[in-house]
């Protein structure tokens, strides 16, 4: 156990470690992504495929709505009793021969894992895909401790070999198409067959050959967990390729790093999530492999089993009564696949290991809104994410909530009010009084003059000044009409609403 | 203050507003309303959709079927768990070497094996899933992982319709592996491709109830 | 029945307001336009200016709470009224206003909802001899769940040929201040929406939100694509003798 003193007030994920903060704002990063037609094509193709698959397998579940309600309730009940659930989990894991560690933040989690690996005498670990370890930048931290970490999930391998960043929760290399992956393999995998084709089966087979020996000789594995059952101490990893099974079964030591919100109270709860998750994520009735283990199983699998419980900002999410629902996420990535913004910008634009709609509400809460201030605005609030979310997280409402937080933070910092804040305040002042408002409408007819290049015949404005110039980059603006609706009404019906 | 105490204290501070603990509405389907025959048919259909091979037999036909599957796959080295009914392999030709894993086979040895034959704990029809729980007819997890070919015998009395029914029959204290088709990936353009690290070939033999039900006492399975 | 015309229609698209009045009156409704009305505050709320929005919520509630039904030609404004007003009041610590806002929100309807659910009418007696592709708009579709109501209404319009818009449920990319703050992404979404509209070959792209129409129409106009954007109300107001 780490003995570092820690404050009891909820804390944000520390800066300078891990992958929760982008170097650029969302619109800046998005602009670059939007300029890459290959990327847009890859994303468009992949997300369309998965959307259709998901829709088909969800449609065949008659009680999908009931499962979502149950999933939402289980998660909310868990968060409301999180301290209790974690203590139960710890007790059961310990009773089953596992060792539980608590990490307040990324740095302490990284230290714990590095120490555990060092204690085995091994200098390398195999890893099964885990969002939590990416979030804390574990691979970097291990490298600094002289330990090599090998990603074994195909997509993670693609990302790692290409020295790239993940861009999707489920399919981190979604931004790459088969031809790009083939070229990468030819370049980065020693001794690979130069005749490798870009057939996905051939690429998968190449990854199998590349990693096989690594699995067989690995002494330590690092995993995440999709669920942990407090009642029984059972951990659960949901996967497809079998690399997870390899990591969970072959090495002597297994270290699982898990966010504290992944606990579920009872064994029975898995019957809900093991239906919701596969159909929502890969669009399958069930993913190929789900492994469940409870501590150490004598004579079967690892002899040393560790569980690292990670906070890293989660308690500060939990402290926000509206935002805490973001912790209910089961990382299915359905919200990414339906998001019209994600589909066009891809994951890198979000600057965090958590992209898409869930990233837009989770990253700013983990880091504090100041560090990801542009993310809550990276959405049209179209609501597609809320519709598909298997645990019914009202992402649009949380986005709006976080926008308000951002506005308040800026206000409290007494920054010089932005032109936007001034405009908003002025508009609110005008519009809380209908007489002021109708006067403003009349004078806004002056705005007909602001159209610098306008097409009078078509009643259109082709170029607006100031911040609204962004509107007329690709869109004409309508010219205010000669008469507002209320003027027409007054003229036709009189102010009291009676016909003249 | 330890990190444990600090984390728990932060959690308590965060939920200090005493958020409501909602009741869990479990009005989703728990039981499937199919009889045994229909459940087996659904299971067969769903497994087949994962591009696993599905075979049907009565208990007496299991040995011949296993021999046929081994022959057509060209497997020459097999591993079986200690509790596999001995007669299941009675028709395997002597050209196939069969090892029984008593827990002592090395990783290297298992890596050189072509095929593993097991029973299963539970099978879930709606999702086409077999679940292994490391019982004597299934063995350690590693033996169903390293060979490239897995032949899994599913007695119809092990088949349930829904996921909740399946989990209800399982013992969480055992190491569990849920298998739905051969290993696969959707990592390249989100297109499912069968065959990565786990067994690339999965044969499922659905056997009408009979002797396999007697393999060992499963009284704890009864819901 | 009170008409909430919305600030956007009032200022920029008065024809949509007149068409809404025309449809409702043709169906025998007595339409009142409370002149005290201004704006629902949606833009403030969705941009995060929740304190500034309190006065607007107050104004809206006071203006409309005496009416048994409130109708607006906008799915997104009704969505804000129904789902956000009480939240704004509660955040400001005004539980009483929140309760009033909830009560008003429950009686506020988007035009197609009002016609189909409240009046029970699917054929409004309109005639509109054009090919139309209908964009369902996100807030109508998801926040309000109006479902197929607008399409049901359009199917009964004489002479109108409805052409299915591919990927109709995809957002057009407007998103209020998103259109300016993330202009590049917004335009990328608009481009795909326009491509879908053009692929139908329809003369008219219709929707029930003037904001989305301003966005899509602004793009189509820049392309000089020759496709008009028309509000649902304007189609429903058109008859054999009077085009809108």
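Per-chain numbering from 1; labels A, B and C assigned in written order.
Operating definition for what follows: contacts are C-beta pairs under 8 Å (C-beta built on N, C-alpha and C of every residue); 3 or more make two chains touch, one makes a residue touch a chain.
Please read these numbers as outputs of a predicted model, since none were measured by experiment.
Student: Are the chains arranged, by touching, as a line, ring, star, complete graph, or other?
Tutor: line
Student: Just by CA atoms, which chain is the most central one?
Tutor: Nearest to the common C-alpha centre lies chain A.
Student: How many angstrom lie between the CA centroids of subunit B and subunit C, rounded to a whole number?
Tutor: Each chain's C-alpha centroid was found; their separation is 53 Å.
Student: In whole angstrom, how far does the Cα centroid of subunit A sit from the Cα centroid of subunit B?
Tutor: 31
Student: Report the residues of subunit B in contact with subunit A in the complex, numbered from low to high.
Tutor: So the residues of subunit B in touch with subunit A come to 1-4, 6-15, 17-30, 46, 50, 103, 107-108, 111, 124, 126-129, 134, 140-142, 145, 163-164, 167-168, 172-199.
Student: Report the residues of subunit C in contact with subunit A in the complex, numbered from low to high.
Tutor: Spelled out, the residues of subunit C in touch with subunit A are 5, 7, 9-15, 17-18, 32-39, 41, 43-53, 55-56, 58-59, 83-84, 87, 91, 138-139, 141-143, 169-171, 173-191, 214-215, 217-219, 221-222.
Student: Sort out for me which residues of subunit A touch subunit B in the complex.
Tutor: Residues 1-11, 42, 45-47, 49-50, 53, 62-63, 66-67, 69-70, 73-74, 76-77, 79-83, 86-87, 90, 96, 101-104, 108, 152-155, 158, 170-171, 173-174, 177-178, 181, 200-201, 203-205, 207-208, 211-212, 215-216, 229, 232, 234, 240-243, 245-246, 248-250, 260, 267-272, 274-275, 278, 282, 284-294, 297, 299-301, 309, 311, 315-316, 318-319, 321, 324 of subunit A touch subunit B in their complex.
Student: Which residues of subunit A touch subunit C in the complex?
Tutor: Touch residues, subunit A against subunit C: 26-27, 30-31, 34, 40, 340-341, 344-345, 376-384, 386-387, 397, 400, 402-408, 420-421, 424-425, 427-434, 437, 441, 444, 458, 460, 462, 467-468, 470-478, 480-481, 483-490, 493, 495, 497.
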